[in-house]
Amino acid sequence: MDDSDGNKKVYVGNLDESAERARELLIKGLKLDKIIDWGTTFSLWPIDLTTSCCGCEFAATWGPRFDAERYGALPWLSPRQTNLIVIEGTITRKMACALRVSWEQMPHPKFAIAMGTCALDGGLFYNSYNIVRPWKIIPVDVYVPGCPPRPEALARAIVELQRIVKKGEASKTILRGMARSKPTPKLKEDPCSWWWG
Amino acid sequence: MAYISIWTLTRDVISTVFWGIVKLIFWPPIYQFVIIPGLVAALVVVISIIWFERKAAARVQMRYGPLEVSPKLAGYLQLFADLIRYSFQEIIIPRTADIIPFITSPFFALLLSLLPLAVIPVSPVKWTWPLTLSAMRYSVLIAAALTTLSPIFIVAMGWASNNRFSTIGSMRESFLITAYELSAIIGIFSVVATVHSFDFTNIVNFQGGGKWLGLINPIALLAAFIATLISTSAFPFEISDAENEIVAGPFTEYSGLMYGVNMGTAYIKRWAMSVLIVLAFLGGWRPYIPPPNAGYIAGYLVPSLIVSAKAVVVMALMSFLRAVYGRYRIDQALHISWKYVFALAIAGFGLGILEGYLL
Amino acid sequence: MSSNDQLKNFSEKLKENLGDLISKVEIHKGFILIETHIDKVRETAKKLKEIGFDHVKSVTVVDRMKDGVFEVGYHVSSYLNKDLAKYVVELVTTVPRDKPLVPSLTDIWLSAEFQEREAYEGFGIIFKDHPDLRPILLAPPVAELKPMRKDFVVKEEGIYRELPKKENVSSKVSEKKG
Amino acid sequence: MIIDMQSSEVPRLNMSSWEIGESRYLPGMEIKKLGKEKFVVYIGPQHPGSGHMRIIIKVDGDVIVEADPDLGYVHRTMEKLSEGRAYIKIIPLVERMAILDACNATLPYVEAVEKLLGLEAPERAKYLRVALCEINRIASHLYGFGIFGVFLGHSTMYMWGFGDREILVELAEKLTGARLTHTYPIFGGVRRDAPQNFTDNLRKAIRYLRKRLEDYRRMFLDNPVIRKRLEGVGIVSKRAATDLGLVGPNLRASGVEYDVRAVEPYEAYDEFDFEIPVFEEGDSLARAWVRVEEIKQSLRILEQVADKLDKTKGQQIMHDRFWAKVPPLYKKVFEAEGRVKLMPLFAILRVPKGRAFARTEAGRGEITYYIESDGKDKPYRVRIVSPSYRNAIMFKYAIPGHRVADLPAIYGSFDYFPPEADR
């Protein structure tokens, strides 16, 4: 545009603001958040981090009788391609390091289910000197009590997690860069400080 | 003074644009590389095949498989959900990785595994051929050469990841490349010996009247089939990304969309090989013969759909083996491919020569 | 009971065979205990292996805090000799708690290797000439606590905690009131 | 998958000074060493081919030169915790080490305490214990097969193994009230009587499983791919198996005929007619076959148990010493529901001074308990040696010399269950 002096001028508003507005427009126009949440809901792939004896029931949950693959959850091998950790029972001091490392290896958005009483607060082994509480290591979205929980209970936990995700837990981290409603706990001590490998 | 009617002008413009778009779509390089049997068809087929693979395996294993995502469609949308999840997940690039090959190799591998589809005929009508007439005479040769390009990038992926499991995986992949390629190419070339032509059109035309080369020369078909299984890491040869041994092999460090691309690459390669096998052994578009001056639909769309439908059947068969077999060890796979599959391919080639002499 | 007689016969046979090497033979419920001095452990173990006890079932360490000793026991039995397979013999030796140094029997019974490592991390017993003595189950910082010793006490449920004596409680209460 | 790219050496691993006989390796496992730099791969603990443990392997090309099992990822310190708990509370505690094999894992503990108390379970209780033990044994073997299938990339075997295991789990649930953590045998008897149509269901399950075993053979064990992976892989000779002190099916696959059920019959095993399957080959395939044969034998035992249970219907399931103390109200409960509610009796149970050692044959092999009582309500020392822990030593000696791809094949054939090993 030309102004009265004939100089060319380009009118630029606040770039950040307009970018923000464009993003909101995209999100609202394409309903991107809904799409992302829908996709994540039915694609919760748990990682193969078998931590304790609840793993028996974890395996049975994906067995033919209970078949958790119906919900789109497929146990996967490598943390880079998964988005769900199922903590299967007790976490020992040695395993705490593996749990934390696996959690950090997983890409956002990621979720966690704590299975079994031991994962809640120690369970039968509440006074053991070799266990840690999983919620001190990673943020847990859904707790499943039981020792061990029945496969139905774990399937229910997956459905419960799907409900949480559907409320916008996945899209808000991706699209709006917001933090998850459950923040990652700050470690008081490094669980891997002794790691010799 | 001549004046131009607005109406005529508009009509002309619209028709030009419309036919321009149609021409562009049905322009052989674009049509074959992007639409059928290229990218779009491949994606649809891959999604359906993975769904089929999961459902069929579940059927054998006394369960449902993916269901809750769309109970009315028997969980068909499951793969879309996975695709969306992968596409929007964080992409992690490890600090120790070699960044440029790490990022570019998956896409090169994907594109190069599609390339063979851009040089093959899917219809006998002359204008649909993607290459010039003189080049078309060597289409088998060109397609076979192009199938050998993409594995190099899988090796590069494993090397660039700088992960121990990836390194082992890419080492296995490089062993397997040498093992299957010869068998696959000799297997497909045995039809050349029978038909006396490097031209896919001649080969398909030769197979008229139910005289499929797969029936005439089953040995070569078997060799090509097994070699395809090895090349696309299908069971029982899922070795380079054997999950229980080396996590995800070359793809261990890939996350988000990049892994989605990687996962697609193996299936797309299987798709390309299936199309080649259909053309070489299973009669191509053959029960249907388009009229010599056929248009877009009768001359291009219909035969390409027939080829695709046959290829889907071949691919489904390959995928179903997952439910039945475990996986071989790398040295056993090499042993099998050099000692038996290679011998099978040579025997098929010999049989092809003999039949070419007799028929 | 006939099985008890058998055990008695067998323990007498063992006594004859091992002679001076052992100081005590006892019949317990389910096993025969033979005690030997720490210097004679290796000799006794070799002798037992010659007799036909070819594997270790369990390396059992008991912390006798009152006596100030560790009791290191090897429950051994046989696979290949079917007569011996019926019996479980525990070869026991004692070491002082403040200087727990025991000769390793891994070169005689390979099956003791991991269990000796476990005794090392749990009680801090050092097995001399063990090929690979390092913690097996615990992380090093936990293993340093020597958690299996009796003086390492894990906290228990309230019902089991020893209550303070009544006088103390009442006196405390009275102090507060005052 | 935990990988450290910086360190290529495992510290504190010094094997050079160690010689067993003439060779460092067991016979048949010698390796030619090449003068190249070795490649250290850390497999686990987050790794589909390792479960809850870590194996540090050194690779020369594709051949494993050294394997170092790193256990303890599920070490929940059961031995220490049981020193501070009442005797009856230890049963559910030690059960957690092998919840898929719970009855077998707790039975020797119960037996050892019974030895100290000087009592023996009544006849019907013994049959019920044997029934649950054998159900658990089959379930544990099927679990092993499932995991083995996953390791070899055979997902159908995993699904079949777990699907058919549900039948046995359900039987156990009918009998005890819990899917996995039964806490069924208690001192002097069992916790509950069998429900009404238990034996009929048991017979039905036996018929079904016999049919399915044939399917497994066709689909898995005689599958050409699986056979090729397993035959001649991970050979452990008879001598090596004895030296390493292996237990259970792994021992019997190497030609050693040792089964606690036959050597020192406990409970009612001397009344039943069964064989001990022994294979001479000692490779992974033999280990798989031993399990199949054992399932067949267990089915045979279960058939006999079902008959015995029918015969002893209505008999006592608790030792007189405890039964006499039961209040009349609880006796009524027993008559109505077949359920014994005795917990208050056991809470104050004091066990006489003494030491006891008990062993039984669990699904994965011999499990031993050493219990020392100082006359109080808590044991002075409980020493548990579980079958997987004794088998863990195999990783160190049976894996070197094989290829990386053989690791899952060998691992799966061991039927190694880490929570059981770590206790």
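The letters A, B, C and D name the chains in turn, as written, and every chain counts its residues from 1.
What we mean here is this: a contact is a pair of C-beta atoms (placed from the backbone, for glycine too) under 8 Å apart; a residue touches a chain by one contact, two chains touch by 3 or more.
Bear in mind the structure is a predicted one, so any value in this text is a computation, not a measurement.
With A-B and A-C as the two chain pairs, more C-beta contacts join A-B. Between subunit A and subunit B, the centres computed from C-alpha atoms are 35 Å apart. Note: centroid distance subunit A to subunit C, computed from Cα atoms, is 46 Å.
The mean-CA centres of subunit B and subunit D are about 47 angstrom from one another, to the nearest whole unit.
One simple way to say how far apart two chains are is to compare their mean CA positions; for subunit B and subunit C this gives 65 Å. In subunit C, the residues that reach two or more other chains under the touch definition are 138-139, 147, 152, 154, 156.
Annotation for subunit D: residues touching 2 or more other chains are 1, 12, 42, 47-48, 72, 75, 77, 80-81, 84, 159-160, 163, 422.
For subunit B, residues that reach two or more other chains under the stated contact definition are 61-63, 243-244, 247, 252.
Here the chains touching each other pair up as A-B, A-C, A-D, B-D, C-D.
Interface residues of subunit B, counted against subunit A in their complex, comprise 54, 58, 61-69, 75, 77-78, 80-92, 243-244, 247-248, 251-256, 259. Interface residues of subunit C facing subunit D in the complex, by the touch rule stated above, are 28-31, 33, 54-58, 60, 62-63, 75, 79-80, 82, 85-86, 88, 90, 107, 109-115, 122, 131-132, 134-139, 147-148, 152, 154, 156, 160. Across the complex, subunit C meets subunit A through its residues 138-142, 145, 147, 152, 154-157. Partner subunit D is touched in their complex by these residues of subunit B: 57, 60-63, 96, 162-165, 168, 171, 235-236, 238-239, 242-247, 252, 322-332.
Note for the complex: subunit A touches subunit B at residues 35-36, 38-43, 63-65, 67, 69-72, 77-78, 80-81, 83, 105, 107-109, 170, 174.
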